[in-house]
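Some notes on the structure that comes next.
As written, the chains take the letters A, B, C and D, and residue 1 is the first residue of each chain.
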Amino acid sequence: MKRPLIVGVMGGGKASPEDADAAYRLGQLIANQGWVLLNGGRSAGIMEASAKGAQEQGGLTVGILPDDNYDMASAYVTIPVLTGMGSARNSINVLSSHVVVACPGGSGTISEIALGLKNNRPVILMNFDIGKIFENYRKQGVLHYEKTPEDVIEKIKKLRQIKE
Amino acid sequence: MKRPLIVGVMGGGKASPEDADAAYRLGQLIANQGWVLLNGGRSAGIMEASAKGAQEQGGLTVGILPDDNYDMASAYVTIPVLTGMGSARNSINVLSSHVVVACPGGSGTISEIALGLKNNRPVILMNFDIGKIFENYRKQGVLHYEKTPEDVIEKIKKLRQIKE
Amino acid sequence: MKRPLIVGVMGGGKASPEDADAAYRLGQLIANQGWVLLNGGRSAGIMEASAKGAQEQGGLTVGILPDDNYDMASAYVTIPVLTGMGSARNSINVLSSHVVVACPGGSGTISEIALGLKNNRPVILMNFDIGKIFENYRKQGVLHYEKTPEDVIEKIKKLRQIKE
Amino acid sequence: MKRPLIVGVMGGGKASPEDADAAYRLGQLIANQGWVLLNGGRSAGIMEASAKGAQEQGGLTVGILPDDNYDMASAYVTIPVLTGMGSARNSINVLSSHVVVACPGGSGTISEIALGLKNNRPVILMNFDIGKIFENYRKQGVLHYEKTPEDVIEKIKKLRQIKE
């Protein structure tokens, strides 16, 4: 059996309504492609929204939780992976993703962008302005900027050379 | 959506033909129940055999790999979680399993039995004699001994109070 | 500067008075040799006793804590390393030790013995009977049995080829 | 015994001669204060320079290595902690530091700044411009900017309310 593409969706535990809507739509589109959505697993912000979008479309959702129990896990995560290791799990989030999409977020999300780039994972920022700190990675073609969920899907197809 | 039961199957990277056969059969039965099989993810021994059994029956298989790349991942693992953290991932294996089944193995497998018990996960030893070291856990009803894959499935149903 | 020898002392968070006394004495002797004592860092059982013994003799003590804060750290640990990763830190405990000494303990201690052997660290059981599960490692000369703190020190000197 | 202050010094595995000189000087000053220097442990860039500075002044240096062996450890690290968990150890680096100083670096260093802020550790950027991404943390008094090693030492004393 061919393994499905795993798309990591990172982003804040707190999200504006617009960002949550976009993450929800991104989750839907990922599921519609038959891809797996992987995120940080909690029932909050971008994590909850993206998992909800994917699972409602019948997609498989994997949540890599910082916790050692299910108390804070999103109900929309099919497979909760309990790491019990707090922020150290951020490294697993990005290593396990073929492509990382970062929605707006705070220091946790930025740590995931940084760890993704460090480990040579392609990272797509969706409507998320983080200034010029990773400009060298953009020039190398590892870091990308897109505005909408639809654009992100197209970019993933290009990066993975997926034909319609 | 109700989350599926996740059954962790631990065991040696090297396995006798008999042990590999039993792990393969256990994987089949887990998939037939609609449960998810979780293991250490590598293409060797009990890991490879149990994932093969489950995936051939259409089951979902999750592999928590010590590695940060796919080189040693089993082809029968649907969702490879790349931890990049060597033996420290043994803790994740058992935390993420509702029930842990330990097939015969070496020091890695014994560390997983110990970590499972430490974290209050029910552990079933399948045809694996480890002496009396965890006798107190057996008396508390956390550690169990079974002979065959079929017996293990029945024990899991009892532990999880699953009715036919 | 030559790096000091790091001796990991594992053992239960609960300890009998006799076992705690032996761990305290072991800590003293490790410090008297100029070695560093490394343990799990908490203010309980073998951890507390061994750190107390070492620090009272002027020795350096390093505690690898499962926690992300100092609440449960032993006052006798000079350098608390906060991992925030629960039992996953057991792997770090043994990897970071040139030699692992295991005092009597429960499932956590046994996981550390197993992880130590898995990673080719010499492991000395001090007055701790764990049956025959790791008999193959004893035959290979990786696992050793000693009765007293004094015997453990002598064994470490032999293993590390340290001359008086 | 009162525990010593642990100052984490982060920064690139590659460093300009000016940045390496500043890190070396910072290491010297940390040791002169009687503080412990903690870093990523490798024999490269800011890690090597800061450990060298501290150890040459008789300071204690702790290196939290991504590796499971000593091959890439700096000779100036007194206590190498072998995590064997790659970038996931970045979380341990900052959790274990009372104060984090970030010298110029790349994605790894930025992940450590982000993880430090996420976990409420005070972070001082030494001559390192990362734009406005963490501006909210600066306003909250968690993120600080200093130009020279001497300024960093003064800032640490203020943050920790250490009197001369």
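Methods note: a residue touches a chain if its C-beta (ideal position, glycine included) is under 8 Å from a C-beta of that chain, and two chains touch if they have at least 3 such contacts.
Being a predicted model, the structure only gives us computed values, none of them experimental.
Chain pairs A-C and A-B differ in how many C-beta pairs they share in contact, with the greater number at A-B. To overlay chain B on chain C by their CA atoms, one rotates by 180 degrees, a value rounded to a multiple of 5.
Comparing mean CA positions across the assembly, the chain most remote from chain D is B. With centres defined as mean CA coordinates, chain B is found 28 Å away from chain A. Chain C has its Cα centroid 40 Å from the Cα centroid of chain A.
Residues of chain A found to touch two or more other chains are 68, 83-88, 91-92, 119.
Contacts between chains leave no pair untouched here, as each chain touches all the others. By the touch rule above, chain C contacts chain B in their complex via residues 85-92, 106-108, 110-111, 114-115, 117-119, 130-134, 136-137.
Contact residues of chain A toward chain C in the complex are 68, 83-88. The part of chain B that touches chain A in the complex is made up of residues 1, 3-4, 6, 36, 55, 60, 62, 64, 68, 75-85, 91-92, 95-96, 119.
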